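For clarity, chains are labelled A, B, C and D in written order, and residue numbers in each chain start from 1.
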Amino acid sequence: MAWGKKIAINTGGGDAPGLNAVIEAVVMASSKLGWEVYGIKNGYGGLLNTNDIVRLTPEVVRGISNLGGTILGTTNKGNPFQMPITNLAGETEIRDVSDRVVENFKRLGFDCLIAVGGDGSLKIAYDFYKKGMPVVGVPKTIDNDLGGTVITFGFDTAVSIATEAIDRLHSTARSHDRVMVVEVMGRHAGWIALNSGLSGGADVILIPEIPFDIEKVCSHIMENELHGRHYGIVVAGEGATPVGGKELAKGTGEAGRQELLLGGIGEYVAKEIAKRTGKDTRSLVLGHLQRGGSPTTFDRLVSLRFGAAAVRMVEKQNFGIMVALDPPEVKGVPLEEVIGKIRKVPLTSDSIQTARDMGICLGD
Amino acid sequence: MAWGKKIAINTGGGDAPGLNAVIEAVVMASSKLGWEVYGIKNGYGGLLNTNDIVRLTPEVVRGISNLGGTILGTTNKGNPFQMPITNLAGETEIRDVSDRVVENFKRLGFDCLIAVGGDGSLKIAYDFYKKGMPVVGVPKTIDNDLGGTVITFGFDTAVSIATEAIDRLHSTARSHDRVMVVEVMGRHAGWIALNSGLSGGADVILIPEIPFDIEKVCSHIMENELHGRHYGIVVAGEGATPVGGKELAKGTGEAGRQELLLGGIGEYVAKEIAKRTGKDTRSLVLGHLQRGGSPTTFDRLVSLRFGAAAVRMVEKQNFGIMVALDPPEVKGVPLEEVIGKIRKVPLTSDSIQTARDMGICLGD
Amino acid sequence: MAWGKKIAINTGGGDAPGLNAVIEAVVMASSKLGWEVYGIKNGYGGLLNTNDIVRLTPEVVRGISNLGGTILGTTNKGNPFQMPITNLAGETEIRDVSDRVVENFKRLGFDCLIAVGGDGSLKIAYDFYKKGMPVVGVPKTIDNDLGGTVITFGFDTAVSIATEAIDRLHSTARSHDRVMVVEVMGRHAGWIALNSGLSGGADVILIPEIPFDIEKVCSHIMENELHGRHYGIVVAGEGATPVGGKELAKGTGEAGRQELLLGGIGEYVAKEIAKRTGKDTRSLVLGHLQRGGSPTTFDRLVSLRFGAAAVRMVEKQNFGIMVALDPPEVKGVPLEEVIGKIRKVPLTSDSIQTARDMGICLGD
Amino acid sequence: MAWGKKIAINTGGGDAPGLNAVIEAVVMASSKLGWEVYGIKNGYGGLLNTNDIVRLTPEVVRGISNLGGTILGTTNKGNPFQMPITNLAGETEIRDVSDRVVENFKRLGFDCLIAVGGDGSLKIAYDFYKKGMPVVGVPKTIDNDLGGTVITFGFDTAVSIATEAIDRLHSTARSHDRVMVVEVMGRHAGWIALNSGLSGGADVILIPEIPFDIEKVCSHIMENELHGRHYGIVVAGEGATPVGGKELAKGTGEAGRQELLLGGIGEYVAKEIAKRTGKDTRSLVLGHLQRGGSPTTFDRLVSLRFGAAAVRMVEKQNFGIMVALDPPEVKGVPLEEVIGKIRKVPLTSDSIQTARDMGICLGD
């Protein structure tokens, strides 16, 4: 084999369950081909400070697939193309240190970089690709909002954790005749809210794609009383907004606006429901619980397949691409086609239709 | 609305996590259209003995999605087309009582039947369709081996339970330098073994689609010793067979043949590994643990979507079909096209490729 | 049997995993003795409005042990001794309706009441006992702060959920070199924080029993850096306070005081750590997640034992008492001895000692 | 500090969830005192072959508490007092190599040994103590049958796993009107069967302490039919036996005896129930699933407390003892008093009483 001896791999952006499974698959598949793999710690940090590079052998990675987080760390101290540098006088300026990254990459004899990350990290990877670095991207997102792939890892785990939390809240909501509002992740797209709301049996699901009318939400909850259901579960994606946007929320007065802007959408919705219906109402933000811990089987499998596919792309010298699931196959799609494309929930999607069919209120 | 007032629904064959979610979605979606739903208990039992029919309202089904099993029962006392009938003298004969089923169906004023079940149950549903009963099928399988749909419910839960079991066995296998053989479900197709073996980090995965060479299995396990891994995990689908079939296993002597035939493939493999390598080896059959309990989020979602889609098919008077996932859509496929088609793991599938890339032994 | 035919049971206060297991055991054990059991819904509501009484038979309760919440509801619309009553003019006054409760109790022919609840509910039960109602109490608390019993149900589940959450946060904290502050329940006593902090591997555990010095907390977190641990986990019971009490927190300025009073102790601690150490720090409030969902095996067992023991107390006509665990036995202790006694974590307890031995910072 | 610099620790016998938590606590607590800790791998193997000794620092052990198994391995290649030695000619003889263990222990400068293990391992530890080695034992058992301590780690996890399995089997048993027999661990004592059977809602619980009458078991299951419960769950500890012992099982004919001796008690009971009642009956052996995987919160806490207490015993030079839980304290009990004492379930215990009160059949 004349080519492909030394692979670099890094993980960037927020951690997601499955990152370690990608790493394990990349190392195992490379090892089978007789290649070496090196982990770049803390995003691109290890290519600026070479102390932060670690040799990854099968012995090191066997069995890490079921661990949450990433053994390589993912703290982005910053984008190498716009790196904040602080001098001794304490002044910070933004500098482009990408040349040093490329230089170190070459001096260390790496043949390519497998960059695992979300939209921001893949954008940086693409910029390095344009500077001549052979790059294969692996998409990672809790929110499921990346373009170019039907699904990626991290999402199924996040939905599962949210669903389990909603399951738990049912018993307490029912015992106390209470409305519980759960705020889940999803700043730009409502995938987590929609899927966990459906499988968790929510009464109301609020997603960024559908501005909600708080009065309709309240009516829906009150109608439940007629059917002997004296409690309610509302699942709200963090990016959900009232009809007319956050500005309109001013209509609820200064206090309402403050809550909406400061307390998060969950707290805003809870307070409005309590005020308008008189029902005992509480809110809860799942936050970081959704991204930690062991990946589900589904996510492990996607991660392993993506890792192995990335190595096959390297073998075929197919660079500047991102691996993507196009069921049942994993293929490569050009990075330039997918970067910056947020994949929202289509309003005509089957899951939206299912929610409407089942009489779940989507706020409109 | 002139049509569609009374829907019958039944569940047949082995229970699978997600059956109750299908029922919940069917009832909720029908209720929204102003229709009534009745549950036929114990397969077609309720159409032979009308005591076994139960009215299903939203009040009854709200929240059952996360319960395992089926509230309708699934005991098939037999196929109505070939029903064993025992007379007072204790003699049993096979009779076709399907006319009585159709008659009762009509007398009770049902407009259609939503039949949820595996290949056997769908075949019966199709036979009733040919006798003039308006039928919509919903595919159910733990084993993921039904034709016509990319995936269905029950499978993700089964794989998750198997993976969790394999995770647990790692710690005990490692602590004792032991080989653990886990037999999972999959008589005809290796989907559960392949997916749980991959995500559980197995060393060897044996599936019905690839006859295995026990010597290659043993070599693979011994080679691990060179890499400081003194234990091993083997995942075997229950339908896995040695090269040359079960007959060839005779070559291992009468005792070996007995083990293979009586003790199951897991026990056979464990005994062969112990005998040939001298390693401490144990086997475990997961069995019924794989089908019980609360469905995963993934399975709940598929089930709810299938249930809602089945009601849409009824609304469109689209009968003689089975709902099926053709991502991202749910569509109807003619029952006659899918019945009796077992969907095996394609040897060229991406998951098989991933396993090979990662150096996992598939027995060949 | 001349005595004991009709038992009433109610559940009061916040819901806790295990309430349904108590109910199941009470009904099963009573049924074996040939007694009848009736559930009083919504605390004492069913003794004011007799529509809210439900017959509980073995058929109804078999298998509810693993369900969270309580099938009887636990909304206390108020203490019957101080019930807020609103007249048609919208004016509310406090009235003592306890005589009506006792009257209805007698007219309905109940022989005794098994009252399951926390300190507040047991106090009411004791007041009814003093008015001549035969009462057996069953202690319930998530917080583990009830006097008179070594442990009760709900606590093990709450600690397990908190520990699982902390486990998840480790991976994200480590991946991002971040400090995560988790606020868990425990207004008066630090049992949940202490046990979940220990078993979840926290760096710092803050409990109400030990006022904390925020500077010591920060020093402890920074010292971790010297050992290559660049992240930290802080578990804070909601009742934890800085040295000198909340008043002293004013010293941190108006903003600090506001955070402490409004945002909860977790947010306060997180902001102080971020400000003082410069570490990326986040906080999370577990809240209601800790009380919902299926009880752990441990809690189910305690609940079942308490339920069965309550029936034995009734059989012996041993009233005015609360069942209590005095390992390995369950015995009865007089209600008057335990009411109003909050059981704090003793500073000399073995778990505190274990935390100190292991070098965990307790804030002092 | 003039004493106590070098602590050795080993783990012996079958693995149990919590072993790693003991190790973590021992290392953290020793480190705080300025002591060093060394792990002896594979039981006493590392004191025969010094390659198998590993330095344990806080950096190595932080966070291992939630991992199953033991990082030190637990393969007992044999008791050093009766070690099977194979010479080049392939002949095996039993030799006492305990002097070499003691010698190496001294030469390596160890001050004491913390031996974590079950009854067999603690017996060996005690024998070394009698040879002058300063030893502190830490009790470990899945089965909960060790004398001298109210409880130890491993048991709560095993019961939880068994209960979760039983929960799952309910849904499939109910859906199919089937009897499921689950065989759980417990050769000498029925703790796991009793506790998991109670919390899992079993109809019948069979334990070694109470010889069972299979006819009474069958009657109990049939009586359920009268109450509309057409399925059954039987939990059998592996050491359960029919009245009269295994010999009497001969009365069921040669086939029955074979099943009892070869197939395990679960299979025997299942076949007898099927034969006698005609009910569809299946059996399942949980086996190794019960000992693997992450420990419950309860077990982690006991393990951490035991580990820290063991270090306190070393500090006080209190040797020849085993740490033990005497709630709420952890104390030391002399090894000689506890070795060889199997702690059976007392027939008068509160849990047995609870089972009887609730109408659960115990086979007598």
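Everything below uses one rule, namely that a contact is a pair of C-beta atoms (placed from the backbone, for glycine too) under 8 Å apart; a residue touches a chain by one contact, two chains touch by 3 or more.
Predicted model only: the values in this text are computed from it and were never measured.
Participant: Need the most distant chain from chain A, centre defined as the mean of C-alpha atoms.
Facilitator: D
Participant: Averaging over Cα atoms per chain, report the distance between chain B and chain D in Å.
Facilitator: About 35 Å, centre to centre.
Participant: Round to the nearest whole Å and give the separation of the Cα centres of chain B and chain C.
Facilitator: Between these chains, centre-to-centre, one finds 41 Å.
Participant: Where in chain C do residues touch two or more other chains at once?
Facilitator: Residues 167, 170 of chain C touch two or more partner chains.
Participant: For this entry, which pairs of chains touch?
Facilitator: Between chains, contact exists in these pairs: A-B, A-C, B-D, C-D.
Participant: For a test of understanding, state which residues of chain B touch chain D in their complex under the given definition.
Facilitator: 14-15, 17, 19, 67-70, 73-75, 161, 164-165, 167-172, 174-177, 180, 282, 284-285, 287-289, 291-293
Participant: Please name which positions on chain C make contact with chain D in the complex.
Facilitator: Per the touch definition, chain C meets chain D at residues 21, 24-25, 28-29, 31-32, 58-59, 62-63, 65-66, 150, 156, 159-160, 163, 167, 170, 195-196, 198-199, 201, 227-229, 296-298, 300-301, 304-305, 308-309, 311-312, 327-330, 349-351, 353-354, 357-359.
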